[in-house]
């Protein structure tokens, strides 16, 4: 399925250039600079012993995420949420989505009473920041769990990970379903959908929105097919990144 | 499709008792007390001339929504968001969903430079508060537009409404796809999905989340079928409510 | 004392239509929809074991209240205090008044280390929202204490209630002292007074304000006489409401 | 009416030592350090041209007040409201009371489109901070209006002041009605009342609260008599302060 | 070094009139009204047993400060930070400077697990509010420690104070280095420097800022010389104030 | 001056490895990833037409800065200031310092009524984040001004830059004055000083703090000498970075 109509020449089912750089940071237990084309997200994973108050004594751990955009990650500068004194709805919504997605492949019992926070800070935004965040956060999460295991913070044989997870956007642009929308595509899409799937092909989140006219069941099916194809590609790239040797953290 | 397994005896594709009471308030241009079983949402629509600053001078109107739960709408009392000094992520997320859903059937050009705010306050929560809000808000929106037309605030022949809209939840409970989950079902569902559709059967929002194990394409299809059935029922009830005479507002 | 001058035809010492509907909600231990004419306040009482930190270990309970207006309870929509990120002075002031008034008839020792919160949410405002709140909250409080007793949360023979409480507004409108002002009266009153009294006739709060010219001792006396008459009427209605069978809560 | 029972030896109808020091500040158009015994409030009046947005173009002025306590004005230190990020209910309530009281003797038309803000900062608190604030603010207000007149900001013959205003607390302590309660009295009073009156003897605000048992009509009358006596004394002291030469402001 | 060019006739190395009034307040363990010319700061010191959570169990005490300006301390009124809901950067910065400066002469071990908070509220501002705050706070701190010793809250032989501390501003005004700038000088200075020194002549803080053109090493040296001279004068005045009998606090 | 005592083997007057990567971002008019050893700050400069309200119509521009640390830039994760709802004192203080420093080499008249915001986000912190921010921000500022000139937003011949600016930390560690402290040195330094200087050698800011014992004039002089040496090195590196070809921004 090739198509000359995308403004950057990609095929309709083609991802942008994806880069996953592990251990981009030195302090964080796991970290990834993930790039989907010009979109760049820095994911830093923090492992801490203990859990939030409402989980104490239950023998289970917690994985959560905080997403935020740097003020000049976008084309025109936005005010900092810290300066405004409140976190916007979109920021909250995406933070919750990332956390939920990661917990879908975590056995919190196996994690013990420990917490992992995934900070996803968008350094540059060009569409797909939430899907890049989830895709990169998975890799940082794996490294964090290995680091905790190596330091004896979780048992050697504990298996907190029950699978892998990735996310991709699909949408209908100029009447055609396409994969991995960049900002110019996203801002003109008639329908926009974010799909989070496990490496094994199960759905974890499906969030589709008609931006213009409502979409029908056929379009929905076409988009889900594209998403499954993209998730397959991302899963392979995550595996490759995790199998390649990573930069040594300087501690 | 009947099933004895639902705790309240409903068939799997059966809605709860739905009540739509128009003009429950006297001041608001449109208002609805909408009940999905024990879930009760008071929707108040406010029509004001003018638009937010970023829309000024473009000749288009604006429709937005604010959702909030009363502190004791739930089984145990929650702190007020006004007292906490910040609005939670879930509240923001649902407010945005309601606003987006209503704008999907609004021609903002035809609305002129006017704003309609839909306040959806949950008086009692028993699952499905966002779907009840959207379903009720549509009815309040119709009444508000008629009121504005009657008062000459929008032209006699303007048609800001391009269709009807309703929303319903579906989910997999005990392995079975069911329609319109109440709170006990919602809190044990393996998969939870909210679907917003037009009366004409187009999708406006599809938001599915695996609460436990990921779901597959077949389950997704079964849930979408159930949702379409439920939306059909709700659309009919909205029409009946709008055709019946409404209580006179005391002004 | 009859007078043709009130815009709705009431006698100067006549209350509006008062309705007290018990158990309007299903989750709350006690709840009342109280109506003073078009003013409608939903009172939800929440009984919780334990007390605020500063009371711990003293063997006494706590009763408090939170008052808030829905954004479109009024003629024109107001911004939500949760969205503004701060609670306004008037909201704080009325919340404090309601809490103080209810504590005047509570023996906190007899309550044990338990807390009752009275949430008073104004669904529709037409004057007298604070007096309706207090009057309705008393009824919800009685039901809540009975519910706690029935569930064994307070001893069978404990008597936390030391009396009944009600509140009413009085004011000088067009030079004439009148009872239970609605919004049109309230907004043109020269003097406005809220009086909280026990069923036994003792004063708990007297808050009088000259909106225009100062008032003299004679006017003050006339207003207090009217208030005493109105409190007598309300006390009788509270008793009747509490003696009538209430709707069963669906739990 | 003399009585040996007050802990500081005052007669029941006797004020504490009252000092009113005008022009305590150099920048403020009017300022007063007002002392009721150990209670010390610094009142600074700011005259600015223009009015809040909602009053613009109506040809009337505005008088408002902001009350706040320094963190160590009290026996034990309280957190700053600026650090807490929100203003407490009591602070709001008293600020509103002071503003309302001063507006009762202001002809806002005669003030022109100008605003006077009265900042009442409690340097030391020993009961009666709100009554000291109102009593002192009146004097600062007179000086501010004269300053504005002298600078030509309001017309020579404009008479924005329609009278004088003062405030005093009264209460029932150990069963006896007394005037001008200090903190030890206030914290043990059975009934507490703040009364704001004009120099001509009209009531502007009456706020009585039963702290313990409800009070009856006789007690209410006794308290109002005491208040009238105290207001008479304060009015005379305000006049004396205004007639005495004031310190020159160093500008 | 005399110079006719300063607008108030002072020599270039001459301080303004300095007044240090101890025990200006009755409740606070130590308090000082400190005046540098027209600048007046009320310092209230609060001694409390216990330390912030992050210091618990370490056997050391804590000294901290909060600085704030009254809204009309300045020539034109500023909004209250409590009303704005956030504390400004300058306020934070000066609060931190004062706290750091005082801790430089405190042996926190000798203080035991106790906390002293220095509230520095600017009643009137005419330049040098932070230096007046530090200079006055030292005196209040000495009195507070003596009070704690007298009450047995710290051991008789404990020596929490390791020296004295004072602060002064210096700057280049009209090309000439001068000491203790008032507001008119401060607002036109080319270079502005605040210096905190111990009585023994050691530097604790040096904060110099070029307001216009950068300054060179010679200017820097001239300013440091002036500062050392001023600190010497202030140290002598602090000693005199502490040796003079102080007003008795009325408790 | 070589010394074996620094934990990373540097000479006492030696900077860490400094890297200045221009145009690290694509949207921002100017951007720099600046690294001082492990400290990494992403500076993004935003040029916008127009100035803040208080500068309007004066014909001058504005340069300001906002500094913030990512939550996991540090060894242990800190809460986000946006989540806390307030910006901390240190963050404010450093933001103000950066803005002031850059304005010292800007002729705001020559900038016209335009605003440049420098966002300095610390991706990884290892001491010297404020000095790296200033040093990098200067380079981003130069690029931004050139970009504005190229786009005709400022006149071809306008010269808003009056010099160059850089910053470095110096301190006394283990009794020895050293240049460019990393975090382990900074946290054990007896004296800590940040110096901002122009490329021409003028002082713009000198901020020295005794962390332990006060410092004397000789130590101060030794630190200033070191700082001057370091600024010289940094100025040369800035020049080299600006003369080298930069990555093309992908727009």
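Per-chain residue numbering starts at 1, and chain names A, B, C, D, E and F are given in the order in which the chains are listed.
Simple rule for what comes next: a residue touches a chain if its C-beta (ideal position, glycine included) is under 8 Å from a C-beta of that chain, and two chains touch if they have at least 3 such contacts.
Fair warning: this is a prediction, and the values are worked out from it, not measured in the lab.
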Contact-graph separation of chain A and chain E, given in steps at minimum: 2
Rounded Å distance, chain E centre to chain F centre (Cα mean): 29
Chain A and chain F: spacing of chain centres that average the CA atoms, whole Å: 32
For chain C paired with chain F, centre-to-centre distance based on mean C-alpha positions, whole Å: 60
Chain centre separation (chain B, chain D; CA means) in Å: 51
Shared-contact residues (touching 2 or more other chains) in chain A: 85-87
Chain ring listed from chain D, with chain E in second place: D, E, F, A, B, C
Residues of chain C defined as touching chain B within the complex: 25-28, 31, 38, 42, 44-46, 48, 66, 68, 70-77, 80-87, 91, 117, 119, 121, 123-124, 126, 250
Of all residues in chain B, those that touch chain A in their complex: 86-90, 92-93, 95-96, 100, 104, 193, 197-198, 200-210, 213-217, 220, 224
